[in-house]
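First comes the structure, then the notes that go with it.
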């Protein structure tokens, strides 16, 4: 199993979620994060002094999938999250050794 | 070493924390996340129009442990987080190659 | 590739970010988390009853790097995040099997 | 002399003539008739010699309606204070309840409250019970002049009504805070309606309506007992039936359920303080300069003293300067002076407020000890301090101590019993508490399908 | 008799003598002259026999300025209500707009608004258009006494000005809520300035300025039509040109854009309710006890009825007790009574408010259905209920139904057309809408480079 | 003629007779005596011919206490403004300080402030220092009628006290904002107590207490200098000793520490604007229609002008429409008009406010440049604009420019030195600043063990 971790632009979340369910992926965990990379932040001003906000709001999606589903999932995300503009984000793939469904104690792929 | 990642229902956090310390696990990192899966969200209404809230509030717990402690940890979590109702969540186990304690620069298992 | 995950004290974030860019690491994802470990929380009081706040605010930094950059990154973080006081946090290193840059579909190291 | 006399008479002549024909031609020759014209007619019609009294009547009436507006804003104070001291997952519910309370409070007061609060001569049980019908045109039959209540009331019928109507909902609001975060919405809507329509007005009629309490010389200037005490005692009964919030009292002690926004709580308390100037000041029932100034002074000083003493108490007893206690302390001072604001010295008002500020801290801690869960401290602030404030008039204000005690007992027992019975009936019929599932999820989503905050 | 007569004359003599020399020697012997001295001189100068009227004048003037302050606080009400019912990423922008509106509203009213609102004899088109210049020293030429407007106005020139000035900005505020979250700041600043300076004042002159509407006997006590209706109709025009917020109306139906803070929204509505006592009560234009009490009562009861009926409606129609609807219901009740607050019975006021509370719910749902996106419901609350409130005076208040209808048509059409043209001109010249990029990012960052919340 | 004369005398006879026996039998025959009765007696007792003056007295007294309530609400304004412009980790601390300030301010004013502010004849150093004891029963010896201060004051003793008492705490509140986020709580509690008890009242006695400033003809209507200037200068001294917040001024320039809630800040400013009508309007010290209307108008127009000019300035200088600057601009306008609200034309008031709005922006930027860290801009708003407002009366209000300058110098220097010494003494004895550890963690947890927000 793999853990597919994607960092995307917040307003793309809905789209990504839909394209994932199209490829049969119904489970995921989402976290609000702040991103730092090529895409630069913006400058704000407060009571006369400027300052730059480096970190941009992003959304992190974590999905545990069977090995064979990795590419489908990654593609689905990459396709639906793309705007072509800098800051679109990343998809990371990590090895996942085990998974347990708390409710049923099932483990392994059947837990996903 | 492994990184045990658990997604649980928020109100179960205290219980999980306690059962973990019972098995001698004192360190963990907790994140508020939103979950999406079999458990369906609820519909809300605002000024006359309905809409569904898909994502449910969950809590993510990350625990770095020695290899031999994985099962204990996973069991402790699974046991204490279980309500038997849909949406109880998952426990994932990821390989962890190295760990460093920033304060002391210790690394490896001694850093946990 | 590796995923370097660091848990640090919030007010150290700026420093860590700078020392990372010094070693040429420009990309990272940051999450506000709550930490639990050796460092104990504080007790608060509300309307006459005391209670302890166990979880301490921490910041999690995730950085995907090439294998050869891991030590540099880890060192940079450890150095800049250290206060020597309990609660400084951890650096974890996880294996990363693949990475995709959504904008360009580049994958592997070139995606970082 | 004779010459002058003639001259005077001349002046006088013009004066009276002008006045006499005012309704046909305006005084200072100009075409359209205006409010001043009409006013002069009114004055004339009641006899020119009453002009000063009439003006006083007008000033007093103005103050009465302004005071009514000030009492109204107290409801925003309650709404924000209650929201601030409870969890954000129940905020929509609390705000909603407060919109309901002020609305239903005003309507029921028009439908039957006013005439039940002031039965005048139509009691079913003289001095004890006089339930009556809706208000009519209160401006009719001289109700818009001092014809209303004769010289004994310096306001019109509507002025009297609207000022008292704003008070009515208060009782229900006090309960609202104490039962927050676990009561079923519809049940509360029914309960609060019955409480403001019957409970509050019947108890009130005993004192302000000229009932048995006024006969025994019970003294409660603006309602430490008949308003705040009533609400506090009613709240206690409701809480006893309802039980504490889930997770508040555990095996290993009290687990505080922390309020979600201190700024909201502070806004609430300052608005209540602000509105209290109308609550106590308006209870002078006229713009009489002497009492008015005294009431404003004693009210403000008692609040301040309550704030300070509660701060000191929290620092000594709790080892922390507790904001929520300081806020309750201000209110404690206000409740403690409400019964005697017009009849004690500034010095006494400071004492009364300061003692109230100490009492409230211990009362809150004590109620928590005996597992009576009052999220906002309403029972302590209004109930406990209401007792103290009323008794204190016997100590500092020259009222008969025994009458004060009888009054407190009478009203508190009635409020408790009335509330207990009504709440129990609702419990057996429709239930009073949400499911533990709904409670942990929060009433906003489970009862309203709405969330209070949506930061994006 | 003769003997007594002499005695009386003696008394009288002393009285008049004392009065006559008051400016040289204070009445109750003491050195420095004070306000009471001056006041007595004023009274003397207008003839001692007018004393009561003069006092009434003073009381009425006091009420006028207090009412002005109450109307002012309505602008905080609007600011918080609008902020609460919109997204947090646009909050700075909304607050900023409200600071702008009240500021520019007051200034333009001094520069030309007041004299355009009340052209007196200087109309360009009699009864229709009388644009005039800035105010001068309104205390001059007896403007500080009842010389101002003779006995027909119980206030000074400045009293009249400041009370009306506080009203002026309201129209723009109503639009502000409807166009929120997508309008370009600078464009709104220009638009709102023109609207308050010309649009509102011209339409107002037709009725309160003695124009053609007052001639046909149109009755609008405090402005259901000329204030709220005007704002609502102007808002509708602006929204039609501006279009809905991105993502609100999608292929698969309406996607609600949820307000970010219900406590802010509730604070706003309660403050508006509070200020409305000045809005309606002050429109009595004097402290005349009869009407004043009636107006306070009808205003409060209508609001309460609107709250209750909207709650019931939302429970029946939406199956949920919707807080945002309950809040709008209170306002709906207030708008519905504004035109007739002084001329209907309490019973009628309850009816008028209750109907308003039902209307507003359906109006909001309907506008959403036809894809008119009004984030705060301003068009429904002020526009739709403004119509109802004005017509209702024809039903319950004895006004001529036809005149009422003509008045509504006249003002609404003018407001709509005026707003449409101005907004269109601004669209073609400077643009009215932010880029979709800026909209999704939020106006706070894109327009102000500031964020409303920074929880650390 | 003779016939009529007789008739008149008849009327007169009845009038006087009735009046003469009013205390025994009520005027309009009915059993129980009420406020109007009592009032008529009062009128009688001071001589029927003073009736109008007496009514004026009553109206003025009513306005005085209402104004006091309006000034009170300014303290909620300060509390919310300060909270909004600072970090959420220090919010409990700021709210707590504001509860403390209003409480201790009222109490100390009763204990010694009032009689030190107005020493009348008991000066230790004539015209400079007159520290005196607590207030007694101010209603005694005619203090509840115009016996109090004779005709020169249209209020009772308590009216005078409560109105002035509400002002007193203001000085400390101004400092509170400037020293926020790093001052030690207990130290601030001691400091603020001394400042309001002695500093403010001594400086005030120089002008309003009939001291040397009033002798040289210094003119400060409602306190641009003696209230706002005093607070601003005292704040400057405290900040100089205290130093800036950690991390504000770094090697690579100014790092703004952003306020955590703009809605709170906006609520604060609007409430301050609202309360200012009592602050300035109440300073007319009577309900005299002429000045009252003028003061309301100049106050509102100056605020509006300040808002607009600060908006334009921020757009030009900072390239952004800065909300926090716009909010400060409104306040700047208000402070700028406070000294001359009763003595300048509306046009002048617009100018004064507009200039104030420009000054405040540059003052804030300048103070930041020279590393004087004032989180809420209190020094600029109250201190800098206080100078401008006072001088402006010499330019637009006909006051002597030299006297104005002397007055400003006198009060500002005294306030600065007094505050500096007191603050320094506290620093050496108990310390004034929290540890950097506590500062970065936030005062809410380190000082109060409480958090302001707990969103669940």
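First chain written, first letter: the chains are A, B, C, D, E and F, and each begins at residue 1.
What we mean here is this: a contact is a pair of C-beta atoms (placed from the backbone, for glycine too) under 8 Å apart; a residue touches a chain by one contact, two chains touch by 3 or more.
Values in this document were obtained by computation on a predicted structure and should not be read as measured data.
Where touching is counted per the definition, the chains common to chain C and chain E are A, B, D, F.
Two chain pairs are in question, B-D and A-C; the one with more C-beta pairs in contact is A-C. Averaging C-alpha coordinates per chain places the centre of chain C 50 Å away from that of chain F.
Mean C-alpha position of chain B lies 55 Å from that of chain F. Inter-chain centre distance (chain D to chain F, centres taken as mean C-alpha positions): 28 Å. For chain D, residues touching at least two other chains, in rising order: 12, 16, 48, 51-52, 55, 57, 59, 62, 66, 258-259, 261, 267, 320, 322, 324, 449-451, 453. Residue positions of chain A touching 2 or more other chains, listed in rising order: 31, 45-46, 94-95. According to the touch criterion at the top of this document, the contacting chain pairs are A-B, A-C, A-E, A-F, B-C, B-D, B-E, C-D, C-F, D-E, D-F, E-F. Per the touch definition, chain F reaches chain C in the complex via residues 440, 445, 449-451. Of all the residues in chain D, the ones that touch chain E in their complex are 4-5, 8, 11-12, 14-16, 18-19, 26-28, 30, 32-40, 43, 48, 51-52, 54-55, 57-59, 61-62, 64-66, 68-69, 72-73, 75-76, 79-80, 83, 91-92, 95-96, 98-100, 102-107, 110, 134-135, 137-139, 144-145, 155-159, 161-162, 165-166, 185, 261, 264, 267, 447-456. Across the complex, chain C is touched by residues 2, 6-8, 31-38, 54-55, 58, 60, 74, 77-78, 81-95 of chain A. Chain E meets chain D in the complex at residues 9, 12-13, 16, 47-53, 55-57, 59-60, 62-63, 66, 70, 87-89, 146, 149-154, 258-263, 266-267, 269-271, 273-274, 277-278, 281, 284-290, 292-294, 296-297, 300-301, 303-305, 307-308, 311, 320-324, 326-327, 330, 345-347, 350, 453.
The part of chain B that touches chain D in the complex is made up of residues 11, 42-46.
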